[in-house]
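Next up, some structures in structure tokens.
Each of the next two complexes has chain A plus one other chain: chain B in the first, chain C in the second.
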Partner chain A sequence: MTETEEKADPPAVMIEPIDISKLDPDFREGIRSMPNGEELSACFACSTCTAACPIANTWKYKPHQLIRMILLGMREEVLSSEEIWLCLTCFECQERCPQNVRVTDIFFDCKNLAAEEGMIPDSIVGLAKELVDKGQLYVVTADWEREDMDLEPEVPGLSTEEFKTILKGTRTGQIVGGDE
Partner chain B sequence: MKTVVSDPVLVIGAGVAGLTAATQLADSGIRTVLVDRLPIVGGNAMDLYKAFPTDDCFYCFEGSRTRPGIRKCFYRSAILDQPNIDLKVNAEVTEISGSPGKFQAKLSVGPQYIDSKKCIMCGLCIERSKSFSLPSPQCQPQAVIYDPELSDEGAKKAEEECPTKAINLGAQPSEETVQISDIVIATGYHEMKPVSIDEYGYGKIPNVVTQLELAQILDPNGKSGGALVRPSDGGQVKRVMMVQCVGSRDENYYPFCSKICCVYALKHANIIMLERDSVQVAVVYMDIRTYDRHERYYRVARDAGVRFVRGRVSRLEACEDGTLDIIAYDSLLDKYLKFNVDLFVLSSALEPPKGSAELIKSLGLHSASGFVGPADSISENAVVAGDHVYVCGAATGPAEIPESVTQARAVVSMILQSRK
Partner chain C sequence: MPSYNLYMGCSVPANYPNYETTLFRVADKFGIELIYMEGVSCCGSPNLRAIDYMGWLIVNARTLAVAEKNGHDIVTPCNGCFGSLKDVYHFLTHNADYKEKVNAKLKKTGVEFKGTIKPRHFIEALYNDIGIDEIKKKITKPLDGVGIAIHYGCHLLRPKDVTEFKPEIFDDLIRVTGASVVEYPLWKQCCGATVLPVNEELAIRLARDKLKSMKEAGAVFTTVSCPACGNQLDLQQLGLKESYGEEYNLPVLFITQILGLAMGMGDDEVGLEMNRVPAGPILEHLGG
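Our next item is the complex of A and B:
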């Protein structure tokens, strides 16, 4: 039958593919040249990192995909991904990787690069602001608890002023922006 | 049938496996008839350029160490100087009769236009006519070859002028029957020409080649002197894509894994990335099977920056400028990737060579996906194919050179043991 001999054409409508020539091969080399990146290229996409990760099941890009995207040079997508910030830094992926890829550390590097380009999620900026403004992340508020235990309301010797001064001079301080 | 030490052996196929078996049998004092259908010996290994696992010329493997003075091209001395080897090129076995231990083999030998004992490779005939050529400076026998299809006036002149009178254009094919006690099948493999796999455009688009064809482009003895150039126009290649498992692991072609294509694909990828100027290689694969020690090639390839894409090619389009637009599906990212490449290389299946089915049938052997299987599937002694019939090298199925050589030696030792 002639109908069955006719060959089906490939799909006519194709979602826009990722154009390899538009990606940034320097990104791979950039990450690789950092102290944590030496073994980056050893990744063979086994996805052990993703299997190990306690929270990646809710992520759009899984750890092995992020590493793969770094290798391909998908700079924009990686640095603007929320996953690198959602990482718990538990190091499970890194510990289990059979090729010694320092997955968690590489995500730190990505966060630093993203920060340099001002690509930090608002929630993280909020935290940083809290830290710089108050000199601590978790402010001691429940003084009555201390009173109940016959402790003075102020924590003796706790001074956040020095921290605030130091933090202002750091990159965290710069990211938050000096409001004084 | 009991055999005595001096009974002759027939070795079919003069690739690495057949050559190893023949030279070692001959060295042990056994008369060996070595038959190959091609005009020169060496088989597929002649076209490989650098060979894993040593990245050396294949002539330099292990066996050459036992022969003094020669590291390169030990087969040259082995074949020429070994009186126990009766080498028949351009020859085929047309019929095997008799019984195990007492076979008669009918050989049909093509016309011997050039007497290889006389030819001094002076090159005069090549200047006179394009019907003469030198396959390679190391070729065995050390002689030019003649193609009657290209014959012209110059060929006749060459015949007259040849300083050693090595040419006989009137040579006729001949037949002969040899008595042998054992048969060694070393018929190797053939790299499938993937013409029928439409989606890759092989045979229609000039810049789509197989790995064996790529090896010839990379060979410094080749036409381009080893420069990586496009077959279409000789232009410099800047981007290469390879596709694994073409015709292998595919029920429509060959169900088996061709076993070594991952290793040599990455061998080629590494040569290209590390030894040629700024060429980018991508490899589209389903699994990378660089078995046991060859894992090294995979590791080096990743370090060198070869782009690995797990998935398949979705679309391929030949552009006006000779390049190819390729869209590949990346199953790890669940994304489609678009590439533009100069050269598209297919890791095509390694299939049994022509005539294998007939040989297997005529000797009543077991077929293993078309290759020669072991006689006893329980002991799985890979080299024993039948009573007084042995097999070695890629004739057993896709195999690398070291494995082929090891099997050839196993065959020799079994034959010697059977004659004590």
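Our next item is the complex of A and C:
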């Protein structure tokens, strides 16, 4: 390495400054108390999760940044981010975390909090409607194909009523709206 | 001979009767009894888990509790169902307070989750309860020399502490047919199916990454143990012709179709014509 005389000035703003007054100090504890959130604060920001993610290159906030944002209390930014919904749920990040932070599970927790506040992509609301209306994501339409394969035209044992009733009484029911 | 509660989920019966029928045909060869579960429906998928964790816990705990009535383990041919059932089973057997909450809700439906039976993927049950030696005895038409790339699927493999699935199981089930397992760099990577509802372009890119990695490593077929992965890798090959101008011609077969062929079943018996990328020409070429 050769030393040069010229030294670049540090950039005036390296990242968007964080407005401390907007931070929610309870956010981290909120996530920690959710399913599989216990290890959250063990994160030492090594960014192995980001290296493991097959799509982090397309994300504005990378997985390790999202975890850091949760720890800092950036509730609004995390819950309104599109990244949590783009997560493939492939668990590559979680599997490789040297601190056993359950990264993918924590993103599920974030989505649940976002859902509680009504921040859900339309396409996912559409799927929730399907679940409540039909009691399953896919419904047999081509029953002749089943018969061609020596199967009963209708799936033996299938009953969607209990499934629909359960989901109408949980958050899914509220998401799809009203008593319908 | 072993009996299991068969949890079909929604995708296999609706989209892949060829997978469902080969599941039974292969099970038959070993005297395995598969009992369609009564009164159950969908697992809700990771989408339900994302928006309604409690609802997802309750519906899957209910499925597990229904199976507990006859005491047989659950087997499923779908990685998505497997992932949901396995995760809920793991979570509720490790979190007594949630188990209590869930059971309070289930009381109305007349069942209780105790955790006395296990949810398993069909191929794991086949491997562990029948064993590779017994399977080998049924191979009458070996797929000698055929290079097969395995797409294991995320929810079959991870999180490892939850799924408890060893990838060697899948490898051995392919090798026992006489085929060779083609190793390829992106073997662990996601097929992109889960992101399809929110970003189709990204989903296509991910399918392309996988197919390219398999093809470049010399695969003749790829095999899957999940209808969502199967759909994504098979169907997107048509899309990739349009969007990227690329042709992969890599037939995507369900593991039970591969096993069925190696056990001497005909193309029609394994429902080969339902696979969109045709496998027939390659099989003929092999002298089948």
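Criterion: the second predicted complex is superposed on the first by the 155 of 180 C-alpha atoms of A that agree within 3 Å, B and C clash if a C-alpha of one lies under 4 Å from a C-alpha of the other, contacts with A are read in each partner's own complex, and residues count from 1 in each chain.
Definition applied: a contact is a pair of C-beta atoms (placed from the backbone, for glycine too) under 8 Å apart; a residue touches a chain by one contact, two chains touch by 3 or more.
Keep in mind that this is a model prediction, so the values were computed, not measured.
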*Among the partners chain B and chain C, which is in contact with a greater number of residues of chain A?*
C
_Contacts of A:Gln65 with chain B and chain C, given as first, second, both or neither_ = first
*Counting only touches as set out at the top, which of chain B and chain C does A:Ala115 meet: first, second, both, neither?*
second
*chain C residues touching chain A - in the complex, by the definition given at the top*: 8, 10-11, 13-15, 17-18, 20-21, 36-42, 44-55, 58-59, 62, 91, 95, 98, 105, 109, 154-155, 157-160, 188-190, 192, 194-195, 197-199, 202, 206, 209, 271, 274
*Interface residues, chain B side, partner chain A - complex*: 198, 282, 288, 298-299, 302-303, 305, 307-308, 310, 314-315, 327, 332-333, 335-340
*Which of the residues in chain A end up touching chain C in this complex?*
34-36, 54-55, 58, 85-86, 88-92, 94-95, 102, 104-105, 108-109, 111-112, 115, 120-121, 123-124, 126-128, 131, 135-141, 145-146, 148-151, 155-160, 162-163, 166-167, 169-172, 175
_Touching residues of chain A toward chain B in the complex: what are they?_
7, 10-11, 14-15, 17-21, 25, 28, 41-45, 47, 64-65, 68-69, 71-72
